[in-house]
């Protein structure tokens, strides 16, 4: 029942908020905030309590609420399960979610859509909970799509600006393209094993009977879904644009939780991917390429949120490298730590944006450290964590991934991973320096930061600092506690302790190299980059991928659409019909001109008819 | 003797009535001649009605006339239809007669003579008597068509009808002569006997003669390519006359056609079917061509009457191929066509009486709003003529097509259905015109008078004939009509 | 009890006749319309309550009509027709609610006549009776488009009429031919479905029926009447056309395709499936650049109807149940969206998408409902549309891999245009026309809320509804090889 | 002079009449052509009667003459009426009812 509450509470409060907003004239922010923050607070308490139970070794929970659908062999229970994986996910989603809700109270203050925002936000929490708790792929897919819907609604929250809505559309469409693959994978999977039940455990039990080629296809298609949701090549284009939404949205959905759903899903299907390492390799390749690409782009961006967005995408790439190479524990570990520091970064950035009245260009900022230390120091911690500086949270998780990569048959992943780490350190420090350290461009007189905005940063800063210890590898005296707790079917190789130390040293050095480079270039301020080199321009223009998509997909689509109307409908179908009806009418007109009023002609028709017919008769005789 | 006299009493009544009206024609008597003629027709109708349902087949005054006149249940049914049709035609034009000055006693006398001719036609059991009856009817109608001699259109219509009609009459006589030459008799029974007695013969002369006779009859019903007069004459004739021609006269013509086909030429069916099929195709398509391209409602209805003749030719063709059931479908179709066309013409006449319109499609714009009730009824008649289900016209077509399929004529049935589809264009054009356009005119009051009540009756009959079911006890269903027809047909065997 | 179906069919006609005889005032007319439709709704709900999902035809009533040709008044209900009956019964009161302020008497009369027509077509089991209703239901729509429509409406009314009548004429020929075939075989006439289903019928006969249904549904290449008539018809007519009449086409495909042409349908199967798959994307592509909102959703309907046709034609359990489910949910969703489009038109007098925009700013309730229906059409989970699409995709994959992949594009089809449309209609800056767009009133919310609730319920707990038809499907599919 | 010759003559006359109806514009001549056809038929009837040795045919022709007379009356009356109105009995002058004037 408590599991059901995890879903019912946020959905219920979302419904309540929505009804209040739509059908009453009640606009008390306090009421909306109370309901809106209360629900996630409650579920995080429940989740933590349940998660604690799991830590203590309780049986994983399964509850079937009702039969969702039962057609022939397709029997889908509306069932939830709370095992170790969902416990980890649920715990950090709900806790970080609650903090961001709290943050949003400050961020959204005074907005006319305050109530609507929390309705959407709670809706997202419900959908995310559904995704995480789902006991079978269909219910998971429902949650999966609903988080996408929530994301769409929230990106387009400021819908007065058409560009925001375009971004929202882009997000939903890219997600839907991924879902196209996802649902095909599910249906194929159902076709293969569905007869014997379709819950995850039932699938796992039968998975060995599935043909390998089909299994690979399913694996790839599932990953296509993850590409959309987790912004990997080639479906990543929506994520930077998604920053059009309010910053809490970016923090919660497009950094900490929803975008990691792809990783979660792959981990959820670990029993499947274990059987098809080739597909895993494909995932890892996509992951590392995405990481590299986005890290490169991030180094040239000037929009503060977009830098973080590309950074998110880059980190997601890491995670996919991990799960692709079979280090599921490491992947989820990074999901877990990343949630803390990335949420923190976004919230900090949100506070900055609010303070600067919605200025988002880092080159127009500067010197904010003095004004908002409560924002700066947490962000510094988060930056260090993200850059993988020991002993912050990111170090351990990233190190686990790099170790798995180096130990794999393809150490190139490790090398590229280090390159990405360097770029990460560089662009993060660049951001931090330009915003907080570099000389201010304007004179700020008073920059007020509401406690709603700054206080939630502190627990997250703490998390960014220490969350890594939970999953600390054996080399550092930890016991891979998280990985063991998750007990996923890891098959990644392990490094010796010695090489692991070497790797850690190397990665820290690289991070500091990145910091140093950034410091040299940006510590004393810089102007917006004017790209000179071809490569730089490419990076700045994000490799022209958006333009390419527009030219290859959108334009032909519109052409075809017009073509359907003008050629197929008007010329072909109606043209053919018109030919017949017009022909008939023309014949009719010609026939009627015989009706010229002259009686002698009439007699002629008469008699020619008679003679022709009598000739026919005579011939027949 | 007395019994036989009783049998022909209705016809005698009509003739006497006609003569009486002629005598009264030049009196300035304050006499409603229309009602008088209706009364006479009603009397005859009543007398005939009393015989409905009893099976009989009597050659009247065989000693004098030979076997040239027969009174049987077939002719009784047709008499009823003709009398009823004429009666309704006169009644429904009540307003129209009052609105035009030229309808004097002679007009009604001529109508009665025409009716007499038609009745005689349905009784004719001999080609000469058939011809004479036909001429009586035709000559009266010639005169009626040109009755309004002040109207150039009316005169011209008469001219065309007379010239072409006489030409057709000459062909009939030629055919008659040839048949006489071949068989030595013109009595239908004797001809049939002759065919039966000489099964090996080619019967060339007989077939050619019969063909000429049929051509004349097809001319009168307006089959393509003998149709050219139809549109012009229907257009030029005064409305009541058009109605008479389109409905009642056609009924009488089919009486004699059926009698000839079912009795006489049945044995020669093989020869008939091919020319008949050609005629059928030509008539259906040509008729739809004609109807499609008209902008005057009267001409459109005239064109479409050609199509309706085509439908009945489908059934006739089925008969020649041995499906004698199809004759019932012709009877039913005649009734259904009669009901809906009289209704439609009735509305035209009502309008002509009250508004002196040209009666083009343009004139009907917004009719649905100036005359909502009449427009609704007009729509019903159009639907019925188009053969839309839930109207009597649909059942008529249903029987015809089923009969054709039964006779193996699927192609003809398909063509018929196709032409019915084409007819959507011109019938629904009128409905569309009535309802889809606004009119500056305000809604006219719908009052009950003879004309409107009869139009309403026709509308109700159209619907009842289409959907009247056995669910409503005590009401006869369309089945009753078909039973009646079947009963009548049996007397021909 | 056996007359209940007749009451359901003829109640509105009775109301109409009463109104005509009494020369009803507007208020009385409204009362008659609401009264008859609510009675029908009550009867339909009672029918559903007493419906036995495990039995076949129920509440059958047979009465002779044209004895000489064995034509009967023969009605009955099974799971499939029950769904249609419920949809019609539910939609009519909502439509009356929509046209509550309608002052033109003819409108009310036509709607009542229309209800009888569609209901009759959904329930008749005699082919001639079916044909009768099938044709007559067209008439009120024809007049409504021609009379109360907009945008070149007389032309489109005629086009609709001509194209659909062409199809039904082909069907008539087939019916007559089958009737005669039965007569030749058994020596007596009958047009009852159950009788005719005993014989096997050739492909040409089936073609007549298929043509009629393909035009009515419409499948691509038979569709050119659709956008125009939807675009120019008044809203209630559009709702009936898309939610009921088009579904009746699919119903016909099922009802007659499977019973009469079991042997010959396979000749057409690949073509129909190809056509349906083509239509799925073709109509969606069509909608992308459509400038008129109503025409856009006409194409959207077309896309979904192709999916329904696909579900029916693949003839397996999932496909059929998905098609049934989609029929119901799409009927509700498209009714909702077309009603709302009607509301837009009533408020701003234009449906040109370029002239709309920013509605969400001043009308949040409107935006919510509109977006909800649009998302439902896009098949977002949580709404019934998703369940149906999922089932059809499963069925299509069971039929064949390629079919499955193409069917799954339905996930993509709707998003091609729906989100861009939402952007241009609801969001962005307000246009001159939409400035001060009035939000939904209580009556309008009452009209849309039942649709929303049902759609949500059908998405969240589809198992509440599927047991209604699931057993009879199993029965039907169990009976075939 | 065998009866066959009379048959041929009758047919010929009928044919001449037919051609006359189509070829001549003057309505009076048209009328005369039709009369010619009718008379030809009468001749045929009489001949057939002779061939078959049966008076029936001759009687028939008498009956037909009566019909022809009635037709003549209406035809002539019509011609007079037409001439009075238009001072012409040319068939080509009467084409008001036609597709072109369709209104």
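Lettered A, B, C and D in written order, each chain numbered from 1.
Here is the rule we use: contacts are C-beta pairs under 8 Å (C-beta built on N, C-alpha and C of every residue); 3 or more make two chains touch, one makes a residue touch a chain.
Given the structure is predicted, the values throughout are model-derived calculations rather than measurements.
Summarising the inter-chain contacts, the pair of chains with the most C-beta pairs in contact is A-C. Seen from the Cα centre of subunit C, the chain whose own Cα centre is farthest off is D.
With centres defined as mean CA coordinates, subunit D is found 65 Å away from subunit C.
Averaged Cα coordinates give subunit B a centre that lies 43 Å from the centre of subunit C.
With centres set at the average Cα position, the gap from subunit A to subunit C is 37 Å. Put simply, the C-alpha centre of subunit B and that of subunit D have 26 angstrom between them.
In subunit A, 592, 595, 597, 599, 603, 607 are the positions where the chain touches two or more neighbouring chains simultaneously. For subunit D, the set of residues that touch two or more other chains comprises 21, 30, 91, 94-99. The set of subunit C residues touching two or more other chains comprises 162. Pairwise chain contacts present here: A-B, A-C, A-D, B-C, B-D [touch as defined]. Across the complex, subunit B meets subunit C through its residues 368, 383, 388-390, 394-395, 398-399, 401-402, 405-406, 410, 413-414, 417-418, 420-421, 424-425, 428-429, 431-432, 435-437, 467, 469-471, 477-479, 482-483, 486. Taken in their complex, subunit A has these residues touching subunit D: 592-593, 595-600, 603-604, 607. Residue ranges of subunit A in contact with subunit B, taken from their complex: 584-585, 587-589, 591-592, 594-595, 597, 599, 601-603, 605-610, 613-614, 616-618, 620-621. Of all the residues in subunit B, the ones that touch subunit A in their complex are 156, 159-160, 163-164, 167-168, 171, 202, 204, 207-208, 211-212, 215, 219, 224-226, 228-229, 231-232, 271, 274-275, 278-279, 286, 288-290, 292-294, 422.
Subunit C makes touch with subunit A in their complex at residues 162-163, 221, 223-224, 227, 282, 285-290, 317-318, 321, 358, 360-361, 364-365, 368, 375, 380-382, 386-387, 390-391, 393-394, 397-398, 404-405, 408-409, 411-412, 415-416, 419-420, 422-423, 426-429, 445, 461-463, 466, 470, 474.
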